[in-house]
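Right, one structure below, let's go through it.
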Amino acid sequence: MGILEVKGVGKRFGGLQALGNVNLSVAENTVHAIIGPNGAGKSTLLNCLVGKLIPDTGSVTFQGESVLGRKPHEINQMGISRVFQTPEIFGDLTVFENVMIPCFAKRDGAFRMHAYESVKDEVEIREKARLILDDVNMLEKRDMIAASLSRGDKRRLEMAMCLVQEPKLLLLDEPTAGMARADTNNTIDLLKHIKATRDITMAIIEHDMHVVFSLAERITVLAQGTPLVEDTPENIKGHPKVKEAYLGETQA
Amino acid sequence: MSKNILTRRGLMRTGAAAGAGLAMPTIFTGQVWSAAHSGYTNAPQGSTVTLGFNVPQTGPYADEGADELLAQQLAVEHLNGEGDGGCLNTFSSKALKGNGILGKKVQYVTGDTQTKSDAARASAKSMIEKDGAIMINGGSSSGVAVAVQGLCQEAGVIFMAGLTHANDTTGKDRKANGFRHFFNAYMSGAALAPVLAKEMGSDRRAYHLTADYNWGWTQEESIVASTEALGWETVNTVKTPLASTDFSSYITPVLNSGADVLVLNHYGGNMVNSLSNAIQFDLLSKQVNGKDFKIVVPLYSELMAAGAGENIKGVLGSMNYNWQLDNEGSKQFVKSFGEKYGKPPSNSAQTCYAQVLLYADACERAGTFNPCGVAEALEGFEFDGLGNGKTLYRAEDHQCFKDVLVVRGAENPTSAYDTLEIVEITPVDQVMYAPDHPMFGGAEAKLGECNPGA
Amino acid sequence: MDAFILQILNGLDKGSAYALIALGLTLIFGTLGVVNFAHGALFMIGAFCAVFLQRILSLSFLTVDETRTDFLGNPMKVETPYVVDWFGPELGNAIIDWSVPLAILFAIPVMVFVGFVMERGLIKHFYKRPHADQILVTFGLAIVLQEIIKYFYGANPIPTPAPRALAGAFDIGTVIGFDANTIIYPYWRMIYFAFSLIIIGGVFGFLRYTTFGMVVRAGMADRETVGMLGIDIDRRFTLMFGIAAAVAGLAGVMYTPINPPNYHMGMDFLVLSFVVVVVGGMGSLPGAVLAGFLLGILESFASTSWATSALPGINQIIIYLVAIIVLLTRPRGLMGRKGVMEE
Amino acid sequence: MLGLSSKDTALLIIVALLALLAPVLLNPFPEASAMAQFNAGYPDLMQRFVIYGIFAIGFNILFGLTGYLSFGHAAFLGVGSYAAVWMFKLLSYNVVPAILLSVVVAGLFSVLIGYISLRRSGIYFSILTLAFAQMSFALAYSVLSNPKFNLTNGETGLQVYTDDPQIFHRAGLPDLPHFFGLSMRSTYTVDMGGWSFDFNAGYYLCAIILLVAFYMSIRIFNSPFGIMLRAIKSNQQRLNYTGLNSRPYTLAAFVISGMYAGLAGGLLAAMDPLAGAERMQWTASGEVVLMTILGGAGTLIGPILGAGFIKYFENIFSKINDNVLHQWFSFMPDGAEDFLVAIVHPFVGKGWHLTLGILFMLVVIFLPGGLVEGGQRIGRFVFRRNNRKGGGLEPDAKAKQPAE
């Protein structure tokens, strides 16, 4: 039984069947990639996992608990963090403040004024933030305003913001979209480093096969809203159905 | 724009007493040094005395405020012996000599009430605290008048109200330091009623549209009382929000209500729009209960008449003063005002002019600027020659009693200035009431003690 | 029943003004993404186009009439308008009488020009600025415009009546089978309603059936994409601003016989028109029109005696109450699109 | 000091000095000089500067930090004023219970309105707050002042009458708002040479409260709570995916700023015991928006500057009439004098709205960050001239260091 279980999930938008009967199981401590041609329903699936969309049918459970009907912030508290296609960071704040916010959020996410919190607590939080910035190699940029960072650095920062929460599952939505090859390789290295240094499960949605085959331990191929195949990278590489799906796309 | 060569050159603020670090506590600030020595707020020093003219300069009543300001400037000129002397020539009291007040040259400061009670108090305070004004004059709404009157009472200066028509100003909100020359809603009702009976008969059915705030309510109350006393029936009284611009949804119910008279207890922009809307619906050409439909606007002003244009033809209302009044004071005032500004004065201009002269005269007669002395001189003062004919400043509530004009929109005006014609001059006896009249706060309404400030 | 029909008519009539103003506001917001607080001022300037034309047509020369005296007892100076002198009293007075309808022709070029100048001179520089800045600068502009008008025309309302032939009211009741004198409605208000329908229809038709309109609609949906197609969307948007200004201006011109215009009439309508736009849904043209008429009708019914006796003061707050209820039940107004103005 | 960074401490000290010395600083011109017209150091205006400063500081906590633009904050100011005057009417003229109650009532009122309005964001939030405020105004102006249930006294404004209960009022206490016997209107006037300075008790009460309010605002800005609020403005989506529900934070900010507004309203009533309904009108709400943006939204000192700017215009420029103009230019030859007066005339006195409108536009067009940015630009200009060789300045925003 995987850490994330998706069973029979379907979602319609008006007349369009975006997802139809998706079954997926992500095993703990693996890197699981979800690939597929444009319009295959990858993003819709991801949005169903984080509570932005509610599927019409099926169930999604995380560590045995259903995530359906919960709000994004509640799902996050269960231990799921998300990295967006375009890095979503607090552009007006400094890098350090960006990382401090998830620290304050902690696991319970309860509302606190945090205005006169005990000093000990604050020292702890700052230390934690410092460590994670060090981990993603951003420590010297800690006082920069986040919006002024390069694309690659914004991605690093976003990762740091997710990681500082020590999530059990990290969802990555095309983490290298729009990046130059060098930045892409850096990101791959970063993800490998992350995977190597902690117990974490990753689910990656990706277009770039280079990224997928560098990282993934298992791959699910989506086409027209349904899973086509699920297998190891080696087996996926030469799979005829996969070729067909992608070729079909290029011919259209 | 007009200006006055003599005053503008001479207008320099009096120097404060020189001397280092002299500190003294007072309750109300202003020219404290003299306060400590004379026993009242802002006692004039040196050779000048400062009056504060607080009128709306922005907002919908800005034009009315501008007119009041012109009249006040004219009054200052006359007090200082400039120009043709105006009503100093006709005023029954001969205390004023045209040499300022008590020998001190009169100068003035101005403020903008914005027709908001908050802003009006702020500008009055500024004139009292910063400029050392000894009295505040003017304004064009009852809310402002009551608010500023309260302030002047606390500050210890005299308040001479401008245009304020609600009963409350000299009713439940009367103050020892406040004085009103303008007439009020009760007087409008009392003056209009006999004319209405004469023109329309005594078995009319009236429908009231009333601006939904304090002045509107007292106006409606007064008119309803005096018309019902005639035998009229009140079909309905409907409150309209002050912010209304289109009154069609209030006018249409009148059509089939069985009423044959529409009373518009509105003022300013409300009145211009509600009357225009009523005319659009052809109310005046209707026949109801076998009678011609009529519209009544209890409180008229020249600016409203100008705004409503031809729609006022044949519509009855009341006024405090009209330049067409034929008496010595009025003729003199119209001549002075008209020659200087090229137009006849409005009724709010006349009130403000008269108030300045009355204040100055009271100072002369009292021999002091002390508000308590001035108030005493004004209380029970009978005078003539300021345009309204014989007038009494009643001691009990500081309300002026004089004849009230009933006017009607002229059918064939010859110029922009005679769009209203005087129908009747209701003698003062008919609009008299007891100081403890229930519409004026009853027996509980008290002036309180005169407050000189320091 | 007659009272009901009358209030529906009142509502449609009020709604016409709301819908026209909201339509222009939405055009500007939808195409340019600018929150224009000066839109009420455009309405007011339109109204003063009528005042201006009336004054121009009434320009007079003075002759002294010795037989009459003015208020000071001097011989009276009689004003004779030039048009009366040129065209004779009959035609001349008729021209002055018809100054409001004539002002429509006059106002269109003036308002388009004002719109152009506003967009090119000021608004253009604010496309990329936060909405708060747009609100502030257009609010400042609104104050400046109305103070300029006040400087020249004073604060008092100025009567600008409808032509005599169109004054008075029509007895609709007799036509549809009611007693005489039960349902009468002023001609000019009916004209205003018809006029607003024509303008609304014209704007929708223009957007629907012209290529220009199609590009603009595409631009409203997705500005960047249309820009990428190599279409100079900016110039079209400038013209759109001119059209929106003209719509507001015409609404103002036609409104003058209903209520005499004054310098702050724009501010009186400003808050209300924003409420209308938001209730309709930011950026939705049909929404703006629908909400305009809806709120007009609700306002009319709320001011009836039975409504105010059931709920005292309901006529004061109905518009706001409806706005709150609509926004809480339909998050983006009646017909709003997702994601517009929510950041 | 006081848990502030050295930069913020310096700012607080500067504001404290400005506030305490305002009676002197605002009266730079001798009484008798023509320029005395521009003096602003009289108690009423100084009180207004400070009170509207508090109002704008509070508004800035909501708008400057979270980016939620409320168009209805005047309602809280008005409610605060009404609460304070009712305390005067029922208890006594002592300002302490009045101010406390005004804060509490405004707080409760803002919980109610905030809870509903914050269900929406962007312009929908703005219109909801506007709608609530306009409703409050309409109710206060007429409906709630009917003779049967007179809560607000309508257009005249709520005021204290001699027949009010005032159960704790004792003989010997001033018949005006007072702080345990010290009348808010008592003033020490110091005459020095041609100058005259008013040191007013009410002003100093307001100034001390302003300093406390300002200190709390600095604390909020720098606290983790403040960072959280800025995060809401910056990227609400990310905040949600960070496991935080933003609603309690926005509501807290809304209520805090509503309480600031109530405090300002209570102080207004304490300085001048009258509460007018116009205080709640949308134009009054718009005014605080203008103050905040004009001064610099999201900055600490900006709102105070903006408030001072607008109130100065309202009270000083509106009083310059033609008479005063002629007096200023009287040294010129007659023709030139009349010409100058004619030029200046439309912009002062009854034309003060025009000047204010033009200045709004100029500030927004050329100083997007408000007056604070103007100050920074001047500072940078001077700094650059002194350090030609020293390379460029770092962007100002970078200077915001987390306090450690």
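Some observations on this one:
All chains are identified by letter, namely A, B, C and D, in their written order; residue positions are counted from 1 within each chain.
Throughout what follows, contacts are C-beta pairs under 8 Å (C-beta built on N, C-alpha and C of every residue); 3 or more make two chains touch, one makes a residue touch a chain.
Computed from a prediction, not measured in an experiment: that's the story for all the values here.
By number of C-beta pairs in contact, B-D leads over the other of B-C and B-D. With centres computed from CA atoms alone, D is the chain lying nearest the middle of all the protein shown. In this assembly, the C-alpha centroid of chain A lies 52 Å from the C-alpha centroid of chain C. Spacing of chain A relative to chain B, judged by their CA centroids, is 74 angstrom.
One simple way to say how far apart two chains are is to compare their mean CA positions; for chain B and chain C this gives 35 Å.
Separating the CA-averaged centres of chain B and chain D is a span of 34 Å. Among the residues of chain C, those in touch with two or more other chains are 316.
For chain A, no residue reaches two or more other chains under the stated contact definition. Shared interface positions of chain D, defined as residues touching 2 or more other chains, are 138, 142-143, 353. Contact topology of the protein chains: irregular, matching none of line, ring, star or complete.
Every pair of chains in contact is given here: A-D, B-C, B-D, C-D. Within the complex, the chain C residues that touch chain D are 35, 122, 125, 129, 131-133, 135-137, 139-144, 147-148, 151, 271, 274-275, 278, 282, 312-313, 316-317, 319-321, 323-324, 327-328, 331-333, 341-343.
On the chain B side of its complex with chain D, the touching residues are 1, 3, 7-9, 11-29, 32-33, 57-58, 62, 65-66, 69, 108-112, 116-119, 121-123, 125-127, 129-131, 141-143, 146-147, 150-151, 154, 168, 173, 212-215, 217, 239, 241-243, 444, 446, 448.
Residues 63, 69, 116, 119-124, 127-128, 130-132, 134-135, 138-139, 142-143, 146, 282, 286, 289-290, 293-294, 297, 346, 351, 353-354, 356-361, 364-365, 368 of chain D are the ones that touch chain C when the two sit in their complex. Every residue of chain A that touches chain D in the complex is listed here, in rising order: 50, 71-74, 76-77, 81-82, 88-94, 96-97, 100-102, 104-107, 109, 111-117, 122, 126, 143-145, 161, 165. Listed in rising order, the residues of chain D touching chain B in the complex are 31-32, 34, 36, 39, 42-45, 48, 138, 141-143, 145, 147, 153-157, 159, 162-163, 174, 176, 183, 185-196, 198, 200, 272, 274, 276, 278-279, 314-315, 318-319, 321-324, 326-327, 330, 341-342, 345, 349-350, 352-353.
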